[in-house]
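Same chain, two partners: chain A is paired with chain B first, then with chain C.
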Partner chain A sequence: MLGEAEPQWLSEEVKTGTTIIAIEFNGGVVLGSDSRVSAGESVVNRVMNKLSPLHDKIYCALSGSAADAQTIAEMVNYQLDVHSMEIGEDPLVRSAATLVKNISYKYKEELSAHLIVAGWDRRGGGQVFATLKGLLTRQPFAVGGSGSSYVYGFVDAEYRKGMNKKECQQFVVNTLSLAMNRDGSSGGVAYLVTIDEHGTEEKVILGNDLPTFFDQ
Partner chain B sequence: MDKTLRRGPERQLGVKNDTKSVFFININVNSLCVCVCVCVCVCVCVCGLQYDLSASTFSPDGRVFQVEYAMKAVENSSTAIGIRCKDGIVFGVEKLVLSKLYEEGSNKRIFNIDRHVGMAVAGLLADARSLAEVAREEASNFRSNYGHDIPLKHLSDRVAMYVHAYTLYSAVRPFGCSFILGSYNKDDGAQLYMVDPSGISYGYWGCAIGKAKQAAKTEIEKLQMREMTCRELVKEVAKIIYIVHDEVKDKAFELELSWVGEVTNGRHELVPKDIKEEAEKYAKDSLEEEDDSDEDNM
Partner chain C sequence: MPHLSRVSFFTSRKHKPSSTKMATLTMSRPPVAGFSFENCRRNVFLEGEVNNLECSLPAARKTGTTICGVVFKDGVVLGADTRATEGMVVADKNCSKIHYISPNIYCCGAGTAADTEMTTQIISSNLELHSLSTGRLPRVATANRMLKQMLFRYQGYIGAALVLGGVDCNGPHLYSIYPHGSTDKLPYVTMGSGSLAAMAIFEDRYKPDLEEEEAKLLVRDAIAAGIFNDLGSGSNIDLTVITKGNVDYIRPHDEANKKGVRLIELEALQLTGDYKYKRGTTAVLSKCVTPLDLQVVEESIQTMDTS
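The block that comes next holds the complex of A and B.
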């Protein structure tokens, strides 16, 4: 009995260690995430899709505590369904982001999740909103999760205004690859979601298809 | 005398004494009673016959009389009109001034619901004020929950639902006011909705409520509002109010004008003093012209 320790994954909270990123281009947005879910040092799920739909053309990227993030996403999905029926048209990305922000702020002591909300709507085109800890701010692009710390330099240096859809997708994939390489809590495959006026496209890029950089 | 009067009519008929005059009085009282009863019955037959006592009762021909009486309350009040043009909305209200002692500009009948929404009312002013508060709360909650301006159709649906709720129960009476909501924003353009005491809301290009609504509607139909701008429309609205104002029955009145549109950058505001004076001058001049042209024809 002495010295027999409980496996770590039973006692550690399940976190989506994560790297998430969203970027807007003229006419839409691209969201990207890794797929590793860790509990302490064990990988509990290596293929989880952290890009969760809030509405047809609005997605959010989850990071932080897996349970908290998923619950917020589900609640907002429901609220947006009701809202879009009440107003009789597709909801604005700002509405979705405000709903996420309201929950994140009201329960900020109990929750530890950061959702990046991004999508396309008729009024504002492609938009990205960061809702970390209950703030709400619109940004041209946003990164989040534990892996983001390793790539701030890269995104700041490489981002240019006016990139088109393909360039944005390449930018996202490069960022994810670099972060997944250096961050212990991020890894697996890369999920990509591209949203524009015409629809939503989901893509998976397997580990061996990710771009390689120095020392890979 | 006391004793005979206290007993019921049937007893009186049987008594034969020197109180013949009392007898006649009693008969007269009886027939008066009967007459009154018949009169009451006839009146109520025309109106409701006990189907109009509460809002929770239908009449045999499928009407809810309390709601119709509420609409009559609106028709007793002075006129309010709202017109939508290609780049905004203009409201005009004929505010009757009942006493010279009133402070100018008191008892406003145009309310601000949100930055971009205005409301013009007709009917019981107290009811209208409480509905304006309801509308304000709705708009404010929407902004707090969803982070942007409330779409006017949604606001008008919500307030109409609230008004409708008061037409369902006998414990409350329906609201005795109609109101016109108008807003403007860059994406959806100008919008105009009217809600009446029954709880229906319709979208309009131009509408009128109050005592002269028929006359005002006729005048509004003559306008080509889809091609006008707010500045042109302000003058026409002032003119319509002056036309429908009844000089004989109601003496003094104050004209309340407000607008929301591209010209105000999407904010609902009272029309500035100089533009209002220009509009009133145009209205008065047009009225004189019409009077003159009438004389010429004669």
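The block that comes next holds the complex of A and C.
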């Protein structure tokens, strides 16, 4: 007991140990995340919003190392601001995803963060891009973070093409709730962001308002 | 003492054959971007060498701390204990862990003492230049950005875990900043080895829109929890209350651990930290006095030039 002067988690890197999900519907996207940030075995922030804005109608979901993910998101936010001023209009979701991908790929060995980029633009409507390890791929929906492994089966079984906004939001909330129940590194509250051509809507769903499933 | 001369860093230069009459070109290495970690490799090597000689390198002094902050109605209250440890020994019983960043922003530091001290001083100086350039009072978000970008650049090698708080034109703000460069903006934060004890107090008693006295009591109790339940924290409690246009730097706010009072048993008198013993405490068995006859052999006077 007297051996170490400092608990191990103090020197451990802060990870977001997360569940994040993004899904597109006709006319927009829905992003969802949990809110737990851990350092070793200790929770350092139980209400962190991991859905970070890159632009008015483009958001990204953070997972992995908290410092790396926050830094990438802030850098891309800055680069997108400059880019959108240069082209004189709102940037494309694909541009934002490409900027994130460029950083993730170039510093692949040094960084350990995965960002899912999703948003709405006039040309392509709602789009979701995964940028894991420097790849760039557009998908109808994407899940990420440590909690995602527990819900791959659920999302593969339950996803249907052509869901409307409300069904997508319910889908995201159900997925998050299941993952948060099973993954030790995910928990807290659920954050939901819905982006469509009319605007961006942010919502928080507190722990006891989440849907419950088999829980004995 | 480790002998550095035993370690050779330079390889021997080969002799150039005299037939080639070329001027030797020396090319300096182009400056490499980013931090050079060469010294870290050297440090690891030296540690290995030193272990062979059965001594140890001096340990970096850590503050093994409890620091915390809370946002109340009109501002922020920052609190810290005052113990600095070097391994298992208390190096400083009353060190100051709340550092000045700007007139409206203060920062508590946990982790390696030198790192927190220097990092806060660097950012304080840069922030003053920035504030002179903008002509405005600096914002807490600016200080936060500067700190996180610097700590991220050093990839966690600067062991500074900070609680940054202040009041600016947008109201009171409180940030926690981790050594790898991630930050959280929250209404109450704790850091350091005693942070779990302090967080327990906060989670139980925090309410939004506290009054100043309630907030001070809450922070005092949180630090006290860290002091009494964590080995790495101790001594007194320092508080800093920052409101719009006013800073109260209360050091110490509460002497949680006063130095003990000794009694002289026979007379029941209190001695406050005085370790003198009366004549007769130690029994004298025998006494022998030998006068020494000294004679002046040589006397020389050197005049001082006082003109």
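Convention: the second predicted complex is superposed on the first by the 211 of 216 C-alpha atoms of A that agree within 3 Å, B and C clash if a C-alpha of one lies under 4 Å from a C-alpha of the other, contacts with A are read in each partner's own complex, and residues count from 1 in each chain.
To be clear about the criterion, a contact is a pair of C-beta atoms (placed from the backbone, for glycine too) under 8 Å apart; a residue touches a chain by one contact, two chains touch by 3 or more.
Note that the structure is a prediction, hence the values are computed from the model and not measured.
Of the two partner chains, chain B is the only one that A:123 touches; chain C does not reach it. When the two structures are aligned on the shared chain, A:86 is found in touch with chain B, with no touch to chain C. More residues of chain A are in touch with C than with the other of chain B and chain C. In the superposed pair of complexes, A:136 makes contact with chain B only, with no contact to chain C. By the document's definition of touching, neither partner reaches A:168: not chain B, not chain C. Contact with chain B, but none with chain C, is seen for A:95 once the two complexes are overlaid on the shared chain. In the superposed model, A:61 makes contact with neither chain B nor chain C. Contact residues of chain A toward chain B in the complex are 83, 86-88, 91-92, 94-95, 97-99, 101-102, 122-123, 136.
By the touch rule above, chain C contacts chain A in their complex via residues 62, 64, 85, 87-88, 110-111, 148-149, 151-152, 155-156, 159, 161, 176, 178-184, 186, 192-193, 196, 231-232. Against chain A, in their complex, chain B makes its touches with residues 144-148, 151, 153-154, 157, 187. Taken together, the chain A residues at the contact with chain C in this complex read 2, 5-7, 10-11, 13-14, 37, 39, 42, 44-45, 47-48, 65-71, 110.
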